[in-house]
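Please see the structure below; I have some questions.
A, B, C and D label the chains in the order they appear, each numbered from 1.
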Amino acid sequence: MYKIGIIGDGYTAAELVRIIAGHEDLQTVAVTSTDNIGKGLAEVYPHLRAFTDLKCEATDVEVLKRRCDAVFLALPHGLSVPLVKELAGAGVRCVDLGADFRLKDSRIYEEYYELVHPAPEMLDQAVYGLPEIYREQIKNTQVVANPGCYPTSAILPLVPLLAAGLIEPRGIIVDSKSGVSGAGKALKAGSHFCEVNEGFRAYGIGNHRHGPEIAQELGFAAGVPVDMVFTPHLVPMNRGILSTCYCQLRDGATPGQVREALEAKYAGEFFVDVLPENIFPHTKWVYGSNLVQIGIHVDQACGRVILVSALDNLCKGASGQAVQNLNLMLGIEESKALRFAGIHP
Amino acid sequence: MYKIGIIGDGYTAAELVRIIAGHEDLQTVAVTSTDNIGKGLAEVYPHLRAFTDLKCEATDVEVLKRRCDAVFLALPHGLSVPLVKELAGAGVRCVDLGADFRLKDSRIYEEYYELVHPAPEMLDQAVYGLPEIYREQIKNTQVVANPGCYPTSAILPLVPLLAAGLIEPRGIIVDSKSGVSGAGKALKAGSHFCEVNEGFRAYGIGNHRHGPEIAQELGFAAGVPVDMVFTPHLVPMNRGILSTCYCQLRDGATPGQVREALEAKYAGEFFVDVLPENIFPHTKWVYGSNLVQIGIHVDQACGRVILVSALDNLCKGASGQAVQNLNLMLGIEESKALRFAGIHP
Amino acid sequence: MYKIGIIGDGYTAAELVRIIAGHEDLQTVAVTSTDNIGKGLAEVYPHLRAFTDLKCEATDVEVLKRRCDAVFLALPHGLSVPLVKELAGAGVRCVDLGADFRLKDSRIYEEYYELVHPAPEMLDQAVYGLPEIYREQIKNTQVVANPGCYPTSAILPLVPLLAAGLIEPRGIIVDSKSGVSGAGKALKAGSHFCEVNEGFRAYGIGNHRHGPEIAQELGFAAGVPVDMVFTPHLVPMNRGILSTCYCQLRDGATPGQVREALEAKYAGEFFVDVLPENIFPHTKWVYGSNLVQIGIHVDQACGRVILVSALDNLCKGASGQAVQNLNLMLGIEESKALRFAGIHP
Amino acid sequence: MYKIGIIGDGYTAAELVRIIAGHEDLQTVAVTSTDNIGKGLAEVYPHLRAFTDLKCEATDVEVLKRRCDAVFLALPHGLSVPLVKELAGAGVRCVDLGADFRLKDSRIYEEYYELVHPAPEMLDQAVYGLPEIYREQIKNTQVVANPGCYPTSAILPLVPLLAAGLIEPRGIIVDSKSGVSGAGKALKAGSHFCEVNEGFRAYGIGNHRHGPEIAQELGFAAGVPVDMVFTPHLVPMNRGILSTCYCQLRDGATPGQVREALEAKYAGEFFVDVLPENIFPHTKWVYGSNLVQIGIHVDQACGRVILVSALDNLCKGASGQAVQNLNLMLGIEESKALRFAGIHP
């Protein structure tokens, strides 16, 4: 039984506790907080009343080093680096759900996060935690940078096509739509029920921080920098991301090759489900699960490829993927505690 | 491994498949349908794509007898009786999620369901499937009448108080509010998104079929017929029931006794959670779980007792409770496959 | 053209501006604010972009006295009294949408609002602004205490029956359900989208401030203090209140008399609609309008009367009613600018 | 006072009645139906109880000719043509909210609607009812083809840029998101509350009927056929459309020119609101109103232009625009009865 610490008490932390409650090999031994120190975690999250007696505690890295085999960090950007440095140095596995280790180029991090990266030398050691793409590296690392929710939804459908040279690395459009939990538990006007419910809007046009993260991974797959635009939107629902990705078939490539490339890539993957022809995903079909669904449309006449993906932003888009990564890091079966079906309706 | 058949392919059937997918001792071997015969169950419910290869088949009682150790019936009222008669006669355990075996008095059934009961002699054999109240009888029966969703939410808080003689059996008001999945998957004006979303209404005032079911069980507990009014309302959400129950403290009874009676009754019950003072349940706290939460308020001055209960109508209010019942019938640990936390947010 | 000031810039203020934009005899000349001073009102509420050029200004009572014929106060409790004193003293008509002038007994105010009332002597001058009940007094007052949203929904159906002696003044239960805009625009955990959406809960059980307000008006109608319990609930929707009111028929009173009393009382009222037999209101049917709908159910056997009412909490429950009151105070046709239909769907 | 007939009793018909109820020069004298003949319109739509006594009647073209000065047709495609032929022939103004007169090329109509057009010769007479583009023609026609909701949202932002030669007529992407009322009142699985709520999905990928309608109007503006892809999505809300349009700046064109072209085009238009820099529309800001909001983002480095538009699909996207058109046809002030603010929250 591995002992697990969770740093942070936001929605992704609560989702980690939910998942770990059903995991035979992991046990949550500490949850740390800033605002709720001393409070029972089940007071903060009453849906966990039957599942945890833990009290939120202050983040004490020495204590965590002693008590934990692995730690999930679920913190605002900028706060993870010193903690990871200490913990990983002491042999504790770290899965960082924040953004601090995702971008390999610290200048891009600094541009988008308006922060000097405190340990750029660590960026090379951290592995980008998309198991379907970096499985072997994840098994052998001490530090995983868990991907952003939007990037997971965009990278999984696009990377196999770029890697196979089937689509152009230019003119890619990722039009994404997310439920509100992606904005976290903090109080802000944009998460007020009355400002969200019965409405739909775009935000972060042209400058959302997940843009460069997507571009980085697409570029790695393409072997060249890609030209890509990412536009997120807010959907009046709690959970779910749907990304509609537009790209252009390369000269000579066929619609059949697109489907084959995706099906071949994900044939053995439990969590990635390439849907049959003419079936496109619905976020409801993955609600509360660790699954990603991908639908494919190619218009041969004009060569346009439309890929639609859906996932649960808190599960495969955050905490579920984080547990999947830790399973790999600890040599546990990758899908352990993650093979639950979603909730419908 | 017990082989399970599910008769019907509505929302409660899908929820049964979801739960059984995580149950080590049960295996769904058949799902029957009227509208979707020959279709993959995962075509009808794509959230189950990774979890079932079953095709919907016609209901053939001979086949079910041969292939199933137990059967869940999730049918409109009036259709279960002949099937249960045959199946139970052949030694197949039956959990009927419909209403046909819930009311012990066939005249009340006939009044409310406008149907002559086809086998009133079977009503005595069927056990009302509330494990927290009829556990021992459930263990020893062949046929369980799984309670209605509203009744479960009203009976659990009120029965211990009536049984202990702490509240008056007169003037009880059960004001209940349910999500839309309680109305099922069938297309009707009242379930059209635009007719439900951004609105709230009462329905079935004075004549809802769950009224006599609640009254029956309250009367059994009180030892006398109760005077009770039940008013259901429709909430613009998928899942969840909250019942606000008003009743009158008996002369001489104290607020402390009310709390003690409920806490004592449910002390050892995993699925019933009596909340601390001044905490009242939220349907979100039980979303997707098999839990019931109960909050208590007593105004000593006027002797009014307010009990608020919350559950997930498809889980503890239907399919979760049905699996709980079958676990008992088969000698499996009662909470097996049901100890999952709900989804929040 | 009367010149109107609005003190406060919350949701009810925005609703006032919306309504007054369609009013030929009123013109909004000032909106005051604490947080948004200097900002365009249409920046704060972009749905008003085409309808106002006003900038939010600081509340300066001298300026308001000079510029306004009438003022709406939409402030947290405790803040209105000194302003109303000054403004009314200077001949400016005041409609206070807050709670400071609603309760005639300052001790009850002090108990529920935890505040010593700064001018109890003014309570007698202020008229409780329910036009259907206090029309003549409203026409002749300088200060109207605009009723709470919940109280409007409970008082309108119950008062005629208490006044006619048709129902018992004891054992009245008002089980109310409100959309989230009733909690205002301020950021709080209870209004966070993810904490509200897909859930339903009760709150303020036994101590909500609208309880004594309802009791006061019911008591005035009954001629004796009433025994009444009020339980509010939160519905995941923006607008709308539905109240389910339970009471007991007096000995000798008949169901027909109940209907007749309500129909007679509201026969000439444009904004109160007593629905036909077996039709019960839906908050969607009054969404965005100034209407109240009332449905009636009487169970003669047990003498129980159920009244269901629906209104839009921001319109008839606040700003629409406020304009209705001001129309009366200024001698304008009462329904002016308020005869718009609601939005459906 | 012009006498108005409405053929059809779906959501757009109800919205017409709502709007006309506030119109001093129009009076609804007939609403026709298939399913609700003989029923009061207010029984079908109780939000109209205070506003209409009309009963739904069968569609009798002779009666309509006699009684009506103008008729709105709100019918499924294929049904309007013979009615319009008769009515227009008799001098009755017709505004068709359906699709039968929108496409100028009957072969495209036949391909997408799978129906031989019954009167292709009439297509030239009908004017495409976008007042901001075809105002003069609308004033002088007998027959208006009221635009689709999605097309209105896409054409208004894109046409001025294509007409000015500022963007490429190739590679245009219109990624649109609509509330559920766009799918109408008919019962279908895709409009069941539980299948929509808490979910988001794309539909009609590559073959939605509004695609060629958008392409037609963009092509007219560009002077050449455009290459455009249109992808609609379903948002869990009642009303609202948001379209995110991606296109490419022409060589030599500047971001400033894009903004200037749109601002100049819509400077005098009450219903089209070009938002300031860095402000992007929210469907909530136009909820229940006849307004369209347009936000502009241009990335000069890569030449990508993103236009975001929002409207209420039942109002500016259907019935509001229809009344705007009829105002023009009848020589009434264009914005009459349409200058109401939307509802927020």
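Going forward, contacts are C-beta pairs under 8 Å (C-beta built on N, C-alpha and C of every residue); 3 or more make two chains touch, one makes a residue touch a chain.
Worth saying up front: this structure is predicted, and the values here are computed from it rather than measured.
Among the remaining chains, those touching chain A as well as chain B are C, D.
Mean C-alpha position of chain A lies 39 Å from that of chain D. Between the CA-based centres of chain A and chain C the separation comes to 46 Å, rounded to the whole angstrom.
One finds 36 Å separating the Cα centroids of chain C and chain D.
In chain B, the residues touching two or more other chains are 11, 181, 194, 197-198, 236-239, 282, 284, 287, 345.
Taken chain by chain, the contacts link every pair, so each chain touches all the others. In the complex of the two chains, the chain A residues touching chain B come out as 11, 14, 17-18, 21-22, 45-51, 181, 197-198, 238-239, 270, 273, 279, 282, 284-289, 291, 293, 339-345. For chain A in complex with chain C, the touching residues are 11, 180-181, 185, 187-189, 191-194, 196-198, 236-238. Per the touch definition, chain A reaches chain D in the complex via residues 171, 173, 175, 177, 179, 194-195, 197-203, 205-206, 227, 229, 231, 233, 235-240, 242, 244, 246, 280-284, 287, 295, 297, 299, 302, 304, 306, 308, 310, 345.
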